[in-house]
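Quick notes on the structure that follows.
As written, the chains take the letters A, B and C, and residue 1 is the first residue of each chain.
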Amino acid sequence: MNNFFYKKKKFILLEDLYKICNLSYKKNIKKKILDVNNIKEAKNSEITFLNSSNHLIDAMHSKALVCIVSKKFEKYLNKKIISLVSNQPEIDFYKVVNFFYPTSNIDDEKVLNLKKIKVLKKNISIGSNTIIDKTAEIGFGVKIGNNVIIKPYVKVGNNSVIGSNVILSNAFIGDNVIIKSGTLIGQTGFGFKYINKKRFNFPHIGKVIIENNCQIGSLCTIDRGTLSDTVVGEFTTIDNQVQIAHNVKIGNFCIIASQVGIAGSTIIGNNVLIGGQVGISHHLKIGNNVKIGGKSGIVSNIDDNQIVMGYPAKNLREFVRQNKK
Amino acid sequence: MNNFFYKKKKFILLEDLYKICNLSYKKNIKKKILDVNNIKEAKNSEITFLNSSNHLIDAMHSKALVCIVSKKFEKYLNKKIISLVSNQPEIDFYKVVNFFYPTSNIDDEKVLNLKKIKVLKKNISIGSNTIIDKTAEIGFGVKIGNNVIIKPYVKVGNNSVIGSNVILSNAFIGDNVIIKSGTLIGQTGFGFKYINKKRFNFPHIGKVIIENNCQIGSLCTIDRGTLSDTVVGEFTTIDNQVQIAHNVKIGNFCIIASQVGIAGSTIIGNNVLIGGQVGISHHLKIGNNVKIGGKSGIVSNIDDNQIVMGYPAKNLREFVRQNKK
Amino acid sequence: MNNFFYKKKKFILLEDLYKICNLSYKKNIKKKILDVNNIKEAKNSEITFLNSSNHLIDAMHSKALVCIVSKKFEKYLNKKIISLVSNQPEIDFYKVVNFFYPTSNIDDEKVLNLKKIKVLKKNISIGSNTIIDKTAEIGFGVKIGNNVIIKPYVKVGNNSVIGSNVILSNAFIGDNVIIKSGTLIGQTGFGFKYINKKRFNFPHIGKVIIENNCQIGSLCTIDRGTLSDTVVGEFTTIDNQVQIAHNVKIGNFCIIASQVGIAGSTIIGNNVLIGGQVGISHHLKIGNNVKIGGKSGIVSNIDDNQIVMGYPAKNLREFVRQNKK
């Protein structure tokens, strides 16, 4: 996964998987598994999982070493892959991820090693009480407010402005980005399952990428991804108190007004305009140039160039017609 | 009330009530009132109030010494109780509460006496700039982030994680609780009345109880109770930017998505699932195992096991049927 | 504009306007422009703009020296005014504003010069890690929490309480005001336009005025105005997580529940009651004594004394009738 943010376990033996997720491989093969990955990108030293018909073609061509798979999808796997049948492939895979990346399912509050930044040399300004981990990279000309917390391995690009009380973790911030005060970027998302009357928190080994020239308002929360990244595209502008959940991808030049909430894994195109207090459900696809009226509730995909409003949202003309006196 | 968080006035004489709320007891009895309480639990040294037909049976059996009561309910009171008839029993009672607990109606911003915590001995870690009052109790293995404020008499149970920028006041936090960054727990709620062109803020002598194994997201606000506590039950999991008002009781194993708002005194059962941006009105009762679709507006009670959606919310099947194209 | 918060450029020559906004005045007149202003209040040394039929009468009587104006409105201008015709009068005017007030379109995160406050003399209390700029004015008896940031030229009136983690900039806070923890007041608002594939941020030379005896909840955002002020009237009470956009004016004795969002330039009367999670669109006028039910979406003006609910909001009786089972 090429993940900068974690100390990773070096490997696990195939035969030891039963210790983690109660799945064992009966044949007498010694194999070292070196990392986790999604089924499309997994290398032949990596473990992956399959539990959805959306990935059957990827499954046929996958180069993974091992795949945790539900019984009904096992037959679609590339025959070279060692398959481990499970009733809960996703959960079992997450357990393996948590083994490799042991702190990826919590917001680690360990004490930081403070960085000494050459403020003058790089033309950086930093306010009072601000804490920057020594492994973070801060670009030229960056302005950072007071009480800011920048956690390990975060990168902030050149000439960006980080408001006061901001917390950055597991995030790459581009150049010329403005993040207003009180916003939290890169925390674990709302991913968990109750199993046997306990909470099992999903790993979050993705990061947040805020691309160049974005502007993020105050008191927003942008959670990092589980297995992929959460992305805000270039020049997108976001108002105050917006919630962006894990794995969301937002395109370029979008405008997102105040108090919007976008649920997990939803993908939003370019030039999308989202009015205040809109809620967008999870795992949706919103096309390019879409306009969504204020306070709408979006529960299904929207094609390019549509203008919608309502709860549930419909074509704007239809919304207006239905609400005439 | 057995309240740890306040310095309480020791007593008030019955004859001096007129100084506080303009109610006087004409007979020549010297009585000391030692505390305030609700009508059900009041002891025979305490003052209470009655202004609702919901508590008539409690009124008959109440052991209170004094009760501030509206004219029409006076006849239901246990005859041993000294009754004080008022046009505004609740407000007059609140005035007495404010007398006994003089700072309970504001968020006191007095300067804290900092605690020295034996970090190594109790395996506690504490970030930079964090302020913990010397009367707070911090359990074994607790991790606390940066810029955290923990106010007097707060208790944090073992192995809990308190994110950065969190403020805790008037709260008991259980074991294995996770509170993410930027969340504020235990402040006064939105309770007040305009009287004679001034604001009269209600006392908030309740606390917030976060039970064991809860997880609370970032930038949430959970206000403390007025006369009772605000409670989040075991293993309940709450996402970012959620508002929970004073006196709300939430059961166990509930799942509450982002940007939900729950208004004052509402009671929510166990295993309740609440979608993003849902609003729930005040003084409602939501049953066990209820599922509420995203962005719904709840304005009436919901029985056990219902699935609802909409604004105002209705049965999910009905919502889908009405919104078919 | 009589603006305390900025270092202003002293003047610009009429002939140099083309450098800023590509508008030039061909005649051979040497004129110094000393400041920017709206068309009604502009003095005869100031520049203004006109691009709306709402201000034609003001245009006829305006004393401005120069006006940037769209072709179709030029004829309405007082003949003494030097007119500069533009295809985009508002944007060109904003460019001139940005010239006069060069940092007014960003939230400046420059390092503050800390103030030494005579705490005892003025009966002020200040928590830990709190940063107050030396140009800020703090009244008698003010209580300030921890981690607070008070930026240049802010005024806080007597006996006000400023909660922890609050950030105040470009704001005048009245007497006896309560601002709860985590609230941000006075930042730039959500005003910008994409021009030639770049973001042009509008100037925000207005301030926020919180009048006497207001109470603002936790984790609210109240943005400062662009060319006018954002105002919260006397005794108005606001709950947690409320968003108030730039230029909004709220009257006296209003009650605004949690998670409400009010979009830019909307004007709200006195004694208005706004339920939780209500959204109010921009540039609207809400009358006096209006009551708005929880979660309503307001997209048009509301007359005095109306009671409304719904999305879009309608008369409450109509809302109830339509939603009967």
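What we mean here is this: a residue touches a chain if its C-beta (ideal position, glycine included) is under 8 Å from a C-beta of that chain, and two chains touch if they have at least 3 such contacts.
From a predicted model like this one, the values you see are computed outputs, not experimental measurements.
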| item | value |
| --- | --- |
| Subunit C against subunit B, contact positions shared by both copies (same if over half, else different) | different |
| Cα superposition of subunit A on its sequence copy subunit B - rotation in ° rounded to nearest 5 | 120 |
| Geometric centre distance via CA averages, subunit C-subunit B, whole Å | 34 |
| Per-residue multi-chain contacts in subunit C, two or more chains | 129, 147, 165, 182, 219, 241, 259, 277, 311 |
| Residues of subunit B defined as touching subunit C within the complex | 106-107, 109-112, 114, 129, 131, 147, 149, 165, 167, 182, 184, 187, 190, 192, 194, 197-199, 201, 219, 221, 223, 241, 243, 245, 259, 261, 263, 277, 279, 281, 297, 299, 311-312, 314 |
| Residue ranges of subunit A in contact with subunit C within the complex | 125-129, 143-147, 161-165, 178, 180-182, 213, 215, 217-219, 235, 237, 239-241, 253, 257-259, 276-277, 294-295, 310-311, 323, 325 |
